[in-house]
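Below are two complexes that have chain A in common, paired first with chain B and then with chain C.
Let's turn to the complex of A and B:
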C-alpha cells in the first residue's frame, strides 16, 4: 500500500514538471495562467498523497485552503488580463 | 477501492500534463486543464477520504467540502481564463475552422 502511494506521488511529480515546462515556455499570458491553475490543482493532490504517506490527518485542512486560494488567484488574473483592473471603482461618488 | 480511485486520479493528472504540453493553443489547453485536472484531483481526494474513513476510521468533512468546491470552481476558472484570453486577443490555432465570436470581439474592442 505504501509503495503504491509512493509510486503515485512520483508520477504526479513528473506531471508537475510537465506543467512547469508549460509555465516557463508558454507563448501567451493565458497559457501561463492555465498552467498555474493546473499547478495549484496538482499541488492539492500532492498534499493529499503526502498526508497518506506520512499517515497524518493534519494536512487535510491545507487541501481546502489551497483549492480556494488557487481559484481566487485564477479569477483575479483572468479579470486583470481581460479588463486591466482587478477591483472596479464605484461609478459615481 | 482506494487503489482504483487513486489510480484514476494519477492517470488523469498525467493526461492533464500531456495535454498542456502537446495541444496547440490556449483554448484547447484550457479544455484539457479544466476537465481532466478536475477529475484527477477528485479521484485522489476521494481515495484519501476513503483511506481515512476505512483504514484509520476517521470521518473528515473537510475533504468532502474540498471535493465539492473543486468540482464547482475548476470549470468556472477554465471558462474565465478562456474568455479572458479571447477578449485580450490571443490568436486561435491555425487549424481553426470557424470563429463565431469574432463579431463580439470587434464590438468589445471598439464600442461605437
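Let's turn to the complex of A and C:
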C-alpha cells in the first residue's frame, strides 16, 4: 500500500512540475492564474498523500485551509483581471 | 573654626555677590569681596608661629565615606605659604580691581563670582591631602580660569585664549587624575601624607614610572612648562587683575605646588630629577629668549612668568637630587629647595606688581603696545618707580629680593655640576651654563619692559588716551608689593625662617625633621665667589646686549611663524576637527546598504574569529537523522525558488518566487510534523505575498522597469560569508550540545498539568503565555502603526510631493 502512495506522490509531483512550467511560461495572466489554482489543488493532494505516508490526521486542517486559500486567491485574481481592483470602494466615500 | 570649611568660604561668599551687585549697585562690589581674602589672610597668618616650629594641622570633612573620599585640609609650611599667597595677593588684586574695573560698564557680578570660585579652588588645591578632592579643586581652577580669561566674551581673542587654556590645562588635569589613580592603587590610600610615608615601597612598583609621568604632565601643563606654555600668552586677554592673580601669582604655581608636594614620593626616581630639572631649565631659557620678541606689555610679562616658573621648576628638580646625595643637608644641595620656595615668594610679589603696572599703563594710555609707549616716566612717576623696583628684582639686581633668589639659584645650579648619580658629571656643566644664559636674557627683558615703556621719547600722538598718573587706589596694591620686594632684600632671613623653611621641610622630609634644621642663611654679601662673578657677568653681558637691542631684535621677526608651537597647536586642533569630520564622512555615507555591509562584515569577522579562537569547528555526525527522499525534493525546490528570487529579472517574478519559498517552508513543516506551524505559515505567506503584490502595483511607473539586481563582488562575498558563517555556527552548535532538551518535561506534563492535547498550543498559552501576550501586543502595534501611516498624512497638508 505504501508503494502505491509513493507512486501517487511521484505522479502528482510530476504534475506539479508541469503546472509550474505553465505558471512560468504561460503567455497570458489567465493561464498563470489557472496554473496557480491547479497548483493549489496539487499541493492539497500532496499533503493528503503525505499524511497517509506519515500516518497522521493532523494535516487535514491544512488541506482544508489550502483549498480555501486557493479558492479565495483565484477569485481575487479573477476580480482583479475583470475590474482592476480587488476591494471596491463604497461610492459615497 | 575648622580649616576645611574655610576653603569653601569664598565660594559661599560668591553666592551673595550677584545679590550685592543688583541691590547695592552704588557701591563697587569689589569692596564687599575684599573682606573675604583679608579675613582668610589674617586667619592663615595666625598659623605662622606654629608651622614655624614644624607643626601641621589637619581637618577632615567626610564626603563619600563608603568610597573613602573626604575633604581633608592639611596645613603644613608649604600649604600655608601658598594659602598666604592666594589670600594675600588675592586681597591686593581685589583692591586693585575695584579701581580697575568700572562698576557701571562691567559685569562685576560675573567677575567676582568667578574670582571667588577660583579662590576656593586654589585654596583647595594647596590644602587638600586627599588626591581625589585635590583633583576636584584642580579642575575647578581650570574652569574658573577659563571663565575669567573669557570674561570679555564678546571678543574673539578672549574666547580663543579661554578655550586654548582650557584644552591644555584640562588635558593635563586628566593625565594627573590618571597618575593619582595609579598612586592610590599602588599605595592603597588616597592620602598624600600616607603615600609619602610609604614612598620607599612605591618605587619598586611597576606603575611608579607611569604615575610619575602622568602627574608631571599635569604639573607641566598647569605651570606652563615647555611645550605646554603656549596657553599662557594667549590667556593675557583676561582683565589685568586676573592676569596678575591667576597667571603670575597663583594658578600657574599650582603645578609647582604639585611638584613640590610630590617630591618626597618621586625624588627617588632619576627620571623625576631629570625631567623636572631639564624641562624647567629649558622652559626658562626658551621663554626668556622669546620674551624679547613680544610687543605687548602683558605678552612680555607672560613669557617672563613662563621663564621664572621654569627656573623654580628646575630648582625643585635640583632639590629632589638632594635625596640621592649622601649627607645632603651639609652640602650646597641644601640650597635648591630653599631657593625654589624663596624665588616662588619673590616672583609672586614682583610679578603681581608688574602686571598691575602693565594694567595701569593700559588703563591710563589706552594701549599695551610697547612700540607706541615711551617717555611715561615724568607723566607716571609712581607707576615708574613701582615698575622699576619689580623689573630690577626680576633682573636680579642688588637691593631687591630677586637678587638673593638669583644668587641661590646659581648656587644650586653650580651644585649640580658636583652631582654624580645619573651621569650628571658628564652633562652637569650644561646646567649652570643654561641657567646663566637664561639669566642674561631675563636681565635684558626686564630692562626692555621697564625702560621701553617709561623712558625714551613720549609719543602722545600714537596713544589713544592722554596719559596721566593712575588714581591712588589703583597704585596702592602694586606699591605694597613693591615695598615687599625691597623688604625681602633687607630681611631675607625673617622671610626664610617664617615662611620658606617650613615649606622646605615639606619638600625634603628625607633631609630634615624640623624647620630649624634647614641650615640656610641668606645674606646679601657672600664674599667673592663664583655666583657673584656670574651675576656680574650677567649684568655686563646683559647690559651690552640691551644697549644693542635695536640692532638684533629684528631677528625675531625673521623667525617663521609656521614653525612655532602655536601653529602646531592650531594645526593639531584643525587636524582633529577636520580629521574627525572627514573620518565620519568616510563611513557615514547615509546609505543603508553601507551600514548593512559594516554590520554583516563585522558579524562575519567576530563570529568566525570567535569560532576559531575557541576552536569550535567540531562537526559531529553521530547524532544526525537519516535524510528522506522527499526532503531532498523540497530542499531542491526551496533552493531553486531562492535562486529565482535573487536572479529574477522582474520584481514580480521575485515576489512569486518568494511565495514559492514560503510554501516550500510550509511543506517542510508538514514533513517535519508541525501542523500548527504549517497552517500559520501558509496563511501568513499568502497574506504577505498579497501585500508584496500591493506594494508592487503602486510602484511609480519608471521604477517598475524590468532590471536584474546588478552583481557586486563585495555584496556577493558578504552574502556568502554570512551564509557560511551561519551554517558553521549551526553545525557547530548541533554537534556540541551540552544539555538535553527540556521538551521531555512538556511531553510528560502536557495533559496531566495543563489539561491539553496540543503541545504547541499549550506551550503558547499556558507554559509560556507571556511571550504570546506580547506578540499579540506586537501585532496590535503593527496594526495601529499601519492605520496611522495611512490615515495621518501630514505632508499632504503641506501640499505637493509623494502622496497622491
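As a working rule, the second predicted complex is superposed on the first by the 92 of 93 C-alpha atoms of A that agree within 3 Å, B and C clash if a C-alpha of one lies under 4 Å from a C-alpha of the other, contacts with A are read in each partner's own complex, and residues count from 1 in each chain.
Just so it is clear, a contact is a pair of C-beta atoms (placed from the backbone, for glycine too) under 8 Å apart; a residue touches a chain by one contact, two chains touch by 3 or more.
All values derive from a computational prediction rather than experimental measurement.
Trainee: Which partner, chain B or chain C, touches the larger number of chain A residues?
Mentor: The partner that reaches more residues of chain A in the superposed model: B.
Trainee: By the touch definition at the top of the document, which applies to A:58: first (chain B), second (chain C), both, or neither?
Mentor: A:58: touches chain C, not chain B.
Trainee: First (chain B), second (chain C), both or neither: which does A:13 touch?
Mentor: second
Trainee: May I ask you to decide whether A:69 touches chain B, chain C, both, or neither, giving the answer as first, second, both or neither?
Mentor: Only chain C is touched by A:69; chain B is not.
Trainee: Using the touch definition from the top, say if A:50 reaches chain B (first), chain C (second), both or neither.
Mentor: second
Trainee: With the two complexes superposed on chain A, say which partner A:78 touches: chain B (first), chain C (second), both, or neither.
Mentor: In the superposition, A:78 contacts chain B only.
Trainee: State which residues of chain A lie in both footprints, the one left by chain B and the one left by chain C.
Mentor: 61
Trainee: Show me the residue ranges of chain C that touch chain A in the complex, using the header's touch definition.
Mentor: 630, 633, 656, 663, 666-667, 670-671, 673, 675, 678-679, 682-683, 686, 690
Trainee: What part of chain A is in contact with chain B in the complex they form?
Mentor: Chain A residues touching chain B: 4-5, 8, 11-12, 14-16, 18-19, 21-22, 28-31, 33-35, 37-38, 41-42, 44-45, 48-49, 51-52, 55, 57, 60-61, 63-64, 67-68, 70-71, 74-75, 77-79, 81-82.
Trainee: For the complex, give me every residue of chain B touching chain A.
Mentor: 3, 6-7, 9-10, 13-14, 16-18, 20-21, 26, 29-30, 33, 37-38, 40-41, 44-45, 47-48, 51-52, 56, 58, 60, 62-63, 65-66, 69-70, 73-74, 76-78, 80-85, 87-88, 90
Trainee: Considering the complex alone, what residue numbers of chain A touch chain C?
Mentor: The touching residues are 9, 13, 23, 43, 46-47, 50, 54, 56, 58-59, 61-62, 65-66, 69, 73, 76.
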